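By written order: A, B, C and D. Residues from 1 in each chain.
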Amino acid sequence: MSRSDLADAFTDDSALISYVAAGDPSADATREYVEALVEGGSDVIELGLPFSEPVAEGTTIQNAIKRALDAGMTPDAYLDLVRSLDVDVPVVCMTYYNLIYQYGTESGPEEFVEAAADAGISGFVVPDLPVDESGPLYEACREHGLDLVFIVAPTTTEERLDRMLDRTTGFVYVQGRLGTTGARDEMSDDTPAALDRLRDADVPKAVGFGISSGEQAREVVASGADGVIVGSAYVDLIAEGVENDDPTDAVAERLRDLAAELKAGATASVPEPERK
Amino acid sequence: MSRSDLADAFTDDSALISYVAAGDPSADATREYVEALVEGGSDVIELGLPFSEPVAEGTTIQNAIKRALDAGMTPDAYLDLVRSLDVDVPVVCMTYYNLIYQYGTESGPEEFVEAAADAGISGFVVPDLPVDESGPLYEACREHGLDLVFIVAPTTTEERLDRMLDRTTGFVYVQGRLGTTGARDEMSDDTPAALDRLRDADVPKAVGFGISSGEQAREVVASGADGVIVGSAYVDLIAEGVENDDPTDAVAERLRDLAAELKAGATASVPEPERK
Amino acid sequence: GKFGDYGGQYVPEVLMPAVEELVDAYERYVLDNEDGFVDDFRSRIREFGGRPTPLSHADNLSERYGFDVYLKREDLLHGGAHKLNNALGQVLLAKYMGKERIVAETGAGQHGTATAMACAYLDMPCEIYMGRTDVNRQRPNVFRMRLHDAEVNPVDVGSGTLKEAINETMRDWATNVEDTHYVIGSVVGPHPFPAMVRDFQSVISEEVREQSRERLGELPEAVIACAGGGSNTMGAFSAFVGSAALAGAPEGTQDAAPDVDLLAVEAGGSSLGVDADEGYAPNSASLSTGTEGVLHGARTKLLQTGDGQIVESHSVSAGLDYAGVGPELAHLVDEGRVEPVNVDDDAALEAFHRLSREEGIIPALESSHAVAYLEQYDGDGPVVVNLSGRGDKDLDTVVEESTARDIDGAPTMEVFEE
Amino acid sequence: GKFGDYGGQYVPEVLMPAVEELVDAYERYVLDNEDGFVDDFRSRIREFGGRPTPLSHADNLSERYGFDVYLKREDLLHGGAHKLNNALGQVLLAKYMGKERIVAETGAGQHGTATAMACAYLDMPCEIYMGRTDVNRQRPNVFRMRLHDAEVNPVDVGSGTLKEAINETMRDWATNVEDTHYVIGSVVGPHPFPAMVRDFQSVISEEVREQSRERLGELPEAVIACAGGGSNTMGAFSAFVGSAALAGAPEGTQDAAPDVDLLAVEAGGSSLGVDADEGYAPNSASLSTGTEGVLHGARTKLLQTGDGQIVESHSVSAGLDYAGVGPELAHLVDEGRVEPVNVDDDAALEAFHRLSREEGIIPALESSHAVAYLEQYDGDGPVVVNLSGRGDKDLDTVVEESTARDIDGAPTMEVFEE
């Protein structure tokens, strides 16, 4: 596949950004799952490169990462997997900084960014790399034409937000609630406020953390988001498949259905309930 | 029985002083045992009044005391037992000071000494009452004509020995070795020296702690003792009887035999081997 | 060697010369600082033991009671309790006396551990007697003693507890009296032990007086200490009574301070009194309820039957579970200088939880009795509670007993349910 | 927030504002003593914690080695280890910051216990995250935390050990960041934690310098401390390095003292190196053998695969068993100021027994590593070993491992055979 511009994914209608952990439970399964997610309507794939210490993740994704590592996923295998994907949407690499830093023969992010760009990655989300420490990765991304996506948290101050927006290309990852990743039943009350203060920012805004249903996707978009990011809800389906020893294509089918539901929610034109 | 003078027991030939714990394993058994010990040749009976904390005793007599207490032996029951004895030798009460001190309505030794004298006791051996603390008991004994027997230990200094001899009537209890009571296979090397320094003392000297055979008794007498004191060796036979549930008269028979062996040893005219 | 009618030397003759030798050594080294013994002791208990221990203001308890509560932190002494003051003092004295071997008895293992620790430090061979039952239920303390290279001799006689251990230690001492010193663990036994142990422990009240002057600007209204045998009690009281006699005390710390109330808190167990028929007292309140008698070398107050048989005492705290008490305490109670009070097992457990929860200090179950008495105290303060030891050793007992008795304020342990 | 190339703030954005707020509070309260914070801390760690801890001359070890060995007795600090210096400092700081709730992770339970203790004392609600496996194998520490009224949240994910506990605590902090402070237990994590924890622990080396002046008349030739995360290490070294920055230090105790050798003793485990295929290192020697990387908020030396996956570390001492190390230590090693050395599991066990037997002090297994290094030390002394904690918590492990490995100098435990 060839690398595409991340921001383009947001041009048509509200985007669906779908996360799975690469190698959970195998590279081949991930390939099928990613393709199913795209078939279901995903506009961006956020593909997790599993790290042994996933401090920003909730239990669901922690377990997914453990399955992937146990199955032997490595940065090189990850890049092979990316290369082998037959999808026409951008793929963002979600990982922790140490893996980026260690890759190759010299310390520092350059070698991994180059290899990722070469494999077809469009950008990075690095949850343990706040803007303050992002200089070297930002520079490497610029050099190779990749986007570096920052996460804006409910706690982010105006001053920090400004610094992030200075370096933002692609889209902004709006963390919809406090805490770590994980599917929730309800949208956080914080989401509208979080989006509100980004109203003037000239980049697409995608909301993540806790979205698991079409209805939630609809609410988030109605609050002003340009896209929704979903991860744990898919991973729950994968975990269930592993537990029940379901065939990969059955799991892929379920992922496709959920993606379709989410995409439908995200693109529904119904106004948000409060404004009725 | 009537009270007799303790020192008289030493007038004929070398005396055998035999100890059992009153009430081990019952008052009736003790009566039979005492009578058997006298039949066997005992010249003095040292009858233990069991105390819950027998700090000067070895394991054998500790266990005897526990059996006696468990069977309900009390100071009053002890005095009843003494009154009921049908023997013509003096009976010495061996006990700890707290029982003497607590008896009756007022604190102090007077009431118990009076009651003991009345019951036919000839004297006291109180292993936790050194001469330094013996004033009140000594006075009470004098008043009621009882002997207070002191224990001379291998560690006893000349100065202490003099103080003890000042208050000694009846006989001197020569502790033949360091430690606590208990049958041993061999005579302590300390015994001749212990007796030697009492050579000039004008009271009978009886050696105890560890004597269990006629041969040992013979050696002790050959070293200059006027008598031997035996306890744990008898108590071992009683304990064995309790363990095997032997009839009282069978145990009494064994006690009689052992007493006879000891008496024979104590009165043997064979000179001590070293002097041959 | 007497405290009024109490005290004395009721021991087998075989031990009397050793006791007399010890009296002589006590007078020369401890009272007169011969060869700088006391200086050496003070320096070692400071450097090795961690003295002075702090006097901590208990902010939350003070708020609860409406008067200032201070805790004398013997729980911070090396080994976790005041026991080391005495053990180090005696083992050092034995060394000065030229003794070559130490024996000691232990019940729950605290005194045995302190003695083993002092012996390792001072390079003295050490044997500890401990009842078989206690060996099996106090494994960590047995580990400790063995780690300090002490021999631990299990005593298989009788019930295999403290009483049998004392007998066996006496027996060893009586057998090896010439080169061996018996480190008695409390202010009990024949003279000079009650006076000598008190003096080694008197560093506690010396410090309380100095620290009170600095921190409170005055002496406390009362000092509260738990009393089993009474070594921490006498340690906490002696400088106020004026009976401490350890050379080299800072000026003014050893004069009698009659205005300071001294409260000895005994283990009320499940109820007071003695069941003579069963030979059992469901408490260890010998100062409050005992009668005069002779035990383990001294005349003192005892839990005994009318006949004079010593009864089995009881307390949820193994360290207070003793039928006798130090003769000097018995005397001070008769004189009215020390007030004996008591709290029951449940109140002690509640206090254990209260201090752990409110002040971040887990007290020994012994010390919890002293803490518990604050609930009844009706003065205006400031009050010093002698926190004689830490409660690490008591965790299992407390968790188990608190559940069994449904103790107020005990935390749930649901965390263990998967 | 950097130590050369090390350190930094690699944390999720959601936490960054809290981290920045903490930096501000650190600078105002800890560095500038605003509102008398440092005075308050110093007074409380003295009164509640029992500082200063003694510097004990180890008579028998000194004789063994032919040079003077001194032990800095953090084992006597309240709670039994140096951990309280930091826990008390941070909980007090959180109070000054107006935080209403404390969370902390714990592995073996030492840091959780210290934090729970400080929270009880300072009346702060407290939740501790602990892996399920650790909960089950560290019952006494769980009891302690519960007794101090801390919630203990077992973490059922993964292997149920420290790593998962850290993740869950981060998750809690990320969720409740507005009113909650996360008390990190070592000189790790994002700035200001490594600097702040070092400063709270720097009371150790402050005291060592003062006590050396008084007792030795000079500074020691070397200071030896064990290094896992490195909090006791930095506590023992910082005043000599000149990096300690806690307000109110006695004059001259914080200037760099370049002549004093600083030896960080790591857990050599069973052997050095990393088995990348198995994701396992049979040691915890990240300073000696690790490579640069980013973990838990900071750039530092790590035990990792070539890919950058963190490996499972190992040590017989749970408290040293960590794949990272404080960034300042990593820097000081690169600078040549601190020499990283290591001793293996067996040597640490032997040292545990040696100190227990020869000096009457049962060291924590962590601290036993520092003691073990004396066997290799080839200077002339005097040497100060930071005895970071006591070994009560390690008794079962040591007895079991010593038997299994047939460790030299381990006592027999025949006493338990009836």
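The rule is short, and it goes like this: a contact is a pair of C-beta atoms (placed from the backbone, for glycine too) under 8 Å apart; a residue touches a chain by one contact, two chains touch by 3 or more.
Since the structure is predicted, the reported quantities are computational estimates derived from the model, not experimental observations.
Centres computed as Cα averages put subunit B at a distance of 37 Å from subunit C. The centroid of the Cα atoms in subunit A and the matching centroid in subunit B are 95 Å apart. With centres defined as mean CA coordinates, subunit C is found 65 Å away from subunit A.
Multi-chain contact residues of subunit D, defined as those touching 2 or more other chains: none present. The touch graph of these protein chains is an open line. Listed by label, the pairs of touching chains are A-D, B-C, C-D. Against subunit D, the residues of subunit C that register as touching in their complex are 46-50, 53-57, 59-60, 73, 75-78, 80, 116-123, 132, 135-136, 139-140, 142-144, 146-149, 152-154, 156, 353, 356-362, 392, 395, 398-399, 411-413, 415-416, 418. Subunit C contributes residues 8-18, 20, 157-158, 163-164, 166-167, 170-171, 174-178, 279, 291-297, 302, 304, 306-311 to its touches with subunit B in the complex. On the subunit B side of its complex with subunit C, the touching residues are 51-59, 62-63, 66, 69, 74-76, 96-103, 107, 127-133, 150-157, 160, 164, 175, 178-180.
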